[in-house]
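These notes concern the structure reproduced below.
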Amino acid sequence: MPIISIRMAKGRSIEQKRKLVAEVTRAVSETLDLPPDIVSIQLHEFERENWATGGELHVDRFGPGFGKP
Amino acid sequence: MPIISIRMAKGRSIEQKRKLVAEVTRAVSETLDLPPDIVSIQLHEFERENWATGGELHVDRFGPGFGKP
Amino acid sequence: MPIISIRMAKGRSIEQKRKLVAEVTRAVSETLDLPPDIVSIQLHEFERENWATGGELHVDRFGPGFGKP
Amino acid sequence: MPIISIRMAKGRSIEQKRKLVAEVTRAVSETLDLPPDIVSIQLHEFERENWATGGELHVDRFGPGFGKP
Amino acid sequence: MPIISIRMAKGRSIEQKRKLVAEVTRAVSETLDLPPDIVSIQLHEFERENWATGGELHVDRFGPGFGKP
Amino acid sequence: MPIISIRMAKGRSIEQKRKLVAEVTRAVSETLDLPPDIVSIQLHEFERENWATGGELHVDRFGPGFGKP
């Protein structure tokens, strides 16, 4: 039963989330030869104030706003 | 010092959370023969839009609402 | 920069791991419209002695051996 | 479907692990009023060289050996 | 590319977060001899209702409020 | 009680790990104004076969060997 955690910037639409989990489930079940129903995915969404690269918060590095980086 | 992360659907009452952490702490401290005070628990609550099984978001699979699945 | 953790039973071949990370990266980058190079994946492999379902260790529930469940 | 990660020092016996997962599963399923079979537990075992408290590796703070702290 | 997750009580100011990620990035890049730009940090903030020590929720153990414990 | 997970390539010396946890603990305790003794760090070490960037396993992208990327 593979368990997948996806950490990403907050702000994706529910439509994008639907495509994301459908495609990732297909990728995992096909390559590991397992039924899709035992693939579990959790999406962890982060505000830009709570993600840093190179010692800089993304809200400072990329400005306010959602999605993408 | 065991560290326990519990990932679950968002929506449980604080009363349920009290019972959950008390019982899990007791289970861990008794079976590992450790004092309860060094058992640390974090509850990660997920919206149904951020949890998927079988490639489907739980908000689509179980409908809107909280708790349970 | 999405960060993906995949927790799964220990024992897959390196060939399977190559296909897994290639397909999951493609799925994430296409649906989130991001360059593949900023998708990071970590594979967490678990012995059957360290994974339980329904209160039973997988080594007891499925027997010894690798892969699959 | 609650997913529980337990991070602890490496070295517990399989017998202790059996009791741990059985008791934690019972605690979670009873307090959240869910069937035990949808409770999933992963045990992350750490060498004392890979766990630190107060800025000190446990292998230095508690000496070599397994289990307990 | 070290990936750092910092789990802490919710309520720190953005100024404190800036200092935290800058100092942790410097500590990691200097001791592992890596460029700061490949150090990635995610801050997981927890309400006191979702963190327990010794079987007690922090909202009960420390009272309501943010930050610190 | 901040809990810090550091995911990194397997292969650093114990001396490097000592410096890493000492410096990260100092950074966290000074910026969050907390006593060092309540800072907990776990080091998750990954083989290059279990870490991928841009859809490629690091063992293929950087070759075999330990440490660094």
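Labels for the chains are A, B, C, D, E and F, by order of writing; each one numbers its residues from 1.
Basically, a residue touches a chain if its C-beta (ideal position, glycine included) is under 8 Å from a C-beta of that chain, and two chains touch if they have at least 3 such contacts.
Remember, predicted model here, so these are calculated numbers, not experimental data.
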Steps needed, at fewest, to go from chain B to chain C via touching chains: 2
Each chain counted as touching chain C and chain F at once: D, E
Centroid-based (C-alpha) most distant chain relative to chain A: D
Label of the chain whose CA centroid is most distant from the centroid of chain E: C
Superposition of chain C upon chain E: rotation angle, C-alpha, nearest 5 degrees: 180
Inter-chain centre distance, chain A versus chain F - centres from mean C-alpha coordinates, in Å: 22
Length of the line joining the C-alpha centres of chain A and chain D, rounded to whole Å: 26
Centre-to-centre distance between chain F and chain E (centres being mean Cα positions), rounded to whole Å: 15
Sites on chain E at which at least two other chains make contact: 1, 3, 7, 26, 40, 42, 44, 53
Contacting chain pairs - touch in the sense defined above: A-B, A-C, A-D, A-E, B-D, B-E, B-F, C-D, C-E, C-F, D-F, E-F
Partner chain F, residues of chain D touching it in the complex: 7, 44, 46, 49-57, 59-60
Complex interface listing, chain A residues touching chain C: 1-8, 12, 16, 19-20, 23-24, 26-28, 30-32, 34, 38, 53, 68-69
Chain E-touching residues of chain B, taken from the complex the two chains share: 14, 17-18, 21-22, 24-26, 36-45
Interface residues, chain B side, partner chain F - complex: 1, 3, 40, 42
